[in-house]
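Here the chain labels run A, B, C and D in written order, and each chain numbers its own residues starting at 1.
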Amino acid sequence: MTIRIAVAGATGYAGGEILRILLGHPALLDGRARLGALTAWSNAGSPLGEHQPHLGPLADRILTTTDTANLAGHEVVFLALPHGQSGAVAQALGPDVTVIDCGADFRLADAAAWSRFYGTAHAGTWPYGLPELPGARAALQGAKRVAVPGCFPTVATLALYPTLAAGLAAPEIVITAVTGTSGAGRSLKPHLLGSEIMGNASAYQVGGIHRHIPEIVQNLGSATPADAAHANVSVSFTPVLAPMSRGILASCTAPAQPGVTARDLRDAYEKAYADETFVTLLPEGRWPQTAAVLGSNSVHLQVALDEAAGRVTVIGAVDNLAKGTGGAAVQCLNLALGWPEDAGLSTIGVAP
Amino acid sequence: MTIRIAVAGATGYAGGEILRILLGHPALLDGRARLGALTAWSNAGSPLGEHQPHLGPLADRILTTTDTANLAGHEVVFLALPHGQSGAVAQALGPDVTVIDCGADFRLADAAAWSRFYGTAHAGTWPYGLPELPGARAALQGAKRVAVPGCFPTVATLALYPTLAAGLAAPEIVITAVTGTSGAGRSLKPHLLGSEIMGNASAYQVGGIHRHIPEIVQNLGSATPADAAHANVSVSFTPVLAPMSRGILASCTAPAQPGVTARDLRDAYEKAYADETFVTLLPEGRWPQTAAVLGSNSVHLQVALDEAAGRVTVIGAVDNLAKGTGGAAVQCLNLALGWPEDAGLSTIGVAP
Amino acid sequence: MTIRIAVAGATGYAGGEILRILLGHPALLDGRARLGALTAWSNAGSPLGEHQPHLGPLADRILTTTDTANLAGHEVVFLALPHGQSGAVAQALGPDVTVIDCGADFRLADAAAWSRFYGTAHAGTWPYGLPELPGARAALQGAKRVAVPGCFPTVATLALYPTLAAGLAAPEIVITAVTGTSGAGRSLKPHLLGSEIMGNASAYQVGGIHRHIPEIVQNLGSATPADAAHANVSVSFTPVLAPMSRGILASCTAPAQPGVTARDLRDAYEKAYADETFVTLLPEGRWPQTAAVLGSNSVHLQVALDEAAGRVTVIGAVDNLAKGTGGAAVQCLNLALGWPEDAGLSTIGVAP
Amino acid sequence: MTIRIAVAGATGYAGGEILRILLGHPALLDGRARLGALTAWSNAGSPLGEHQPHLGPLADRILTTTDTANLAGHEVVFLALPHGQSGAVAQALGPDVTVIDCGADFRLADAAAWSRFYGTAHAGTWPYGLPELPGARAALQGAKRVAVPGCFPTVATLALYPTLAAGLAAPEIVITAVTGTSGAGRSLKPHLLGSEIMGNASAYQVGGIHRHIPEIVQNLGSATPADAAHANVSVSFTPVLAPMSRGILASCTAPAQPGVTARDLRDAYEKAYADETFVTLLPEGRWPQTAAVLGSNSVHLQVALDEAAGRVTVIGAVDNLAKGTGGAAVQCLNLALGWPEDAGLSTIGVAP
């Protein structure tokens, strides 16, 4: 039977990236799967080519409205909707449908943290779509519901987990992450206009208010020894908007434990990611850059020990739309359906 | 008598910015001062217009070689040379010449720190050209030698000094600063090519090796109480190269002292900078962006208390070429010659 | 008496640029003039600093609504409104008020051309604010109403007028002009989002439909000999949107008349602009670039004869917000009030 | 037998793009072909990952020197060398080796035109690697030597050929093409530095001197009726450098023949490219943009008739590194080896 795949939110950047990746996915190329409904809100009725001109093969596909009727009849539904909208849509989809949610709704286990940062009732908790996080992969295999991680938490977690899990640094974490604008979606806000973005770097949501903080705390909290509570992890997180469309470059630091060496640090990362296709510790002397992972599902990492400051610094680069959203979504689909985890996913960036 | 001003390194970005500002300086407009030698190395003999096409009024000025003979006969000499070259040039200039050095050579008081980070013998220590630093302004008035601060130290110092001086945070500092490419100068290096820079964010000199670190430590060390040694200040500093020509957006954090409130923090900045023309604490709710200070001599700051993470975060924006180099150089000239400190300097950015 | 100046549309890019220039204008610095009402539509009631964070000295000024009452009581009113709105506002302002309109409403003499391109009734024709166009300056001196030219017509006209007026080329003109995004204003349209703009060049309004075409035809038509009608001038105009905030780089060509030499061409431009402060024919071998005029009121030109193709090519660079709009508006104000034409206007760009 | 493929010039942008595409090519994925020598000049001895960090799977491959010995023993050799170097290298490769040259050396049939524009002796003429040009595909099938077209000629030819071949316009062509910086290669020149490129548009090689002109003349000359000589085609070509890494947006115009309609024009393109995978005439009302073809092998076209100006305008978008160079090179390889022409080549762009 051909697996029918719907994408809800096909005109957004996350939806577009899911489609871009699926168009090159072996299961769609050989007919095991095919694209069904592509849905949208205000743009329903128009051809996809008006909104995603880079997706040539789908240019003539007509968008339908994001509703229960149009999403019915698919074995797989990707949700690329604004935060808070996935819960209602997902409820209407049968338990046998594989639902991959790119929104935040089902990422957090802590209902109180959800309410504090999102201001609404907690929708629930689904398996967390970061297979490289210890224990996560097994829960994703065959899963019918998956919560794709946020873009910042993906790179922050992969950057710091090995250090914390190996006990090489205290969990008093400071992160400043530079991000391209596509992370904000196709939102018509003045500060996202090209004229405002180009030649400009700006900070936003500073001082502990960014919604990705509880997700980072949750992930890194799980890295600390079993007897340590989440509450022990503190995360200072500052996002910076930079003039580029894609990419996150995260600068992540934590206080080094006494006696830790640079060798200890490299060992921790080499061990943690030895079998991971999509996480690369760069050779010594090379530093991550977002262009090297653009369009790919890879995360590039490098770690340094600043002895004078007594801190571990880990730099991580990710394409926020690919491994940060759409690529992760397809990686989770692969696990959910029992396909090779890397099917349709590339470790090669598009540069320069 | 007309004051003759020479600019050594007139084809570089810092030299160009000094010239741009001087062309609008009242003392040059009304004839109290005039531009003399504009010098360069390999470009000597060619007109300035080939290298700085934006400086229309100077397009036909022929560059001469940076040497003692050409720099002689000026009352003021700006040095905009690569680090390590200012010492020899300055020595040949008489003690009555006002020398404003944009290089690093004379910024550090600690000869050992100099040697550790620059690998050469220490040239000496000149009055430090950050008038907003307590005590610095007096030393600059009438000075014959001035060391203009580095661009990162300027914004990092102004961002954190009030917090530290008021004892509101511990001096365990973590800074990640996003910078435009002009900070690297007109260097012909592959990673500075437009093709590599656009669409790309990259970290460099991570892990305590950036040369601006001892300068930040020196500045912020002076903010701690008198009985505290410099050694108590630790600075983790990570620079990130972003796709823009100008501007630094610095994210600066330190652990808040117990009981500190957001009000305490704002008070400290309002008090520290109440009389400063070129430092602005933004109204609550607005965050610094580099475009707002582009071409201006202003530094924009905002401060936040992250109670959950227990950290103070200060965001600072500066134009690395203006207040970060060329504007600071002219501000120091004004102090050195007894002119109004803000002569020729703007608080208005060029945006969008 | 102090001249009171109002700016209608102060939150837009044109309004912001007018304010940026006025803040450095001698008449405002010495108190002969001062800023009165700054008006807006939906943003009325908020401080200007929320919208124009680069205009530090005006950060606390509260915007008022763009209406007759608020604009009354000023000797000068700048209109920086969407096309089609100036007529009604201007009518309510007394005949003694100097009104400088940055919109298109009063630029065209040909009512039919207006209706064909704008689809509404023609509001009228005011003195055209391009002083460098033969005959235009005199009409602007003391004028109470001025129509500031469009950004594309400014550079296209200055680029081609001397060639046509000297009869060196036939008026069969082909122009492709690359523009930054600020020319589209602060419009919340998807294709103007930073994510869409960066890394992207796109054509728009191709095939004779851009509204600046009749304005270019009108200007260049006046360059042809007295017995030639406008209809003889044909203009093929293609705008291209490029990833930069400011600047227009126009490539303008026309068929060379037989026997014309490169020397003839240079002579024509040198003669035409010998006394013009704001138009520069670059030395041979140097080509215009928008960065060199960024923030300045200058237009840079270069001319070439392509003998094989039999065409004259003129390249022009302008800052669309400065000489292309806000700078031209202030230049016209200076002429209207009898101030030095270049008061407050710079020929120096902000680069890199 | 496994086909061994060498890439000479593997550290450049063209070489990198060839490698990026080959890494996803079915023949390399299934083992029919494999990468052999990757060669360079000054970077020989270093790992490819230092220069092409986006090509993760090849990060550890050590570069060897571009010489006869290292290129021997391969069935396929891609030459991605500076213009003028391919001739000597190619001569040393046996006649059975498939040589795909991305340089200009063998593109022109007219030795005089070569000498006039390149200043050296003509190396010869190889089959021209633009399969979509009538007659070209057959010559490429099984070819042992292929000259890959220049990036500008590719888009200009595809944009104008159908109009000229159908006799809908006179061959008096005016082209202005906006290009990203990667077209200039990884050259260490001041005007290619990120600080100079960003926020800047500039014209260069204006007035009939760009080396791609004779190639465009050659291609479009072949579109005119059999009794028309090349000399009848005139091409005015102006390149404009814009702040983006990849992409060319070409604005191409020619005088419409009397009576030509917009329908005639669309018909000509629909007919010309009906069977072409990599050339897309966009639906009416949509205009090409470079982001839509970034990383893809597609050319997007749109055509308009400007009745008032009497000109046909065709806009074309191409990724200069993909279909403009590296993608075209692989397309030619496919034809040369008898593989499916689109093997390894995508029609899907990477956006936003």
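Keep in mind that, in the parts below, a residue touches a chain if its C-beta (ideal position, glycine included) is under 8 Å from a C-beta of that chain, and two chains touch if they have at least 3 such contacts.
Quick caveat: nothing in here was measured; it's all calculated off a predicted structure.
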Chains touching both subunit A and subunit D, listed by label: B, C
Same or different contact residues where subunit C meets its copy subunit B, judged by the half mark: same
Which of A-C and A-B has more C-beta pairs touching across its chains: A-B
Gap in Å, rounded to a whole number, between the CA centres of subunit C and subunit A: 45
Separation of subunit A from subunit B, taking each centre as the mean of its C-alpha atoms, in whole Å: 38
Residue numbers of subunit C (touch at least two other chains): 13, 180, 182, 195-196, 198-199, 243-246, 289, 291, 294, 351-352
Residues of subunit D defined as touching subunit C within the complex: 172, 174, 176, 178, 180, 195-196, 198-204, 206-208, 213, 234-238, 240, 242-249, 251, 253, 255, 287-291, 294, 302, 304-311, 313, 315, 317, 351-352
Touching residues (chain side subunit D, partner subunit A) in the complex: 13, 16, 20, 23-24, 47, 49-50, 52-57, 59, 182, 198-199, 245-246, 280, 282-283, 286, 289, 291-296, 298, 300, 346-352
Contact set on subunit C toward subunit A in their complex: 13, 51, 180-182, 184, 186-190, 192-199, 243-245
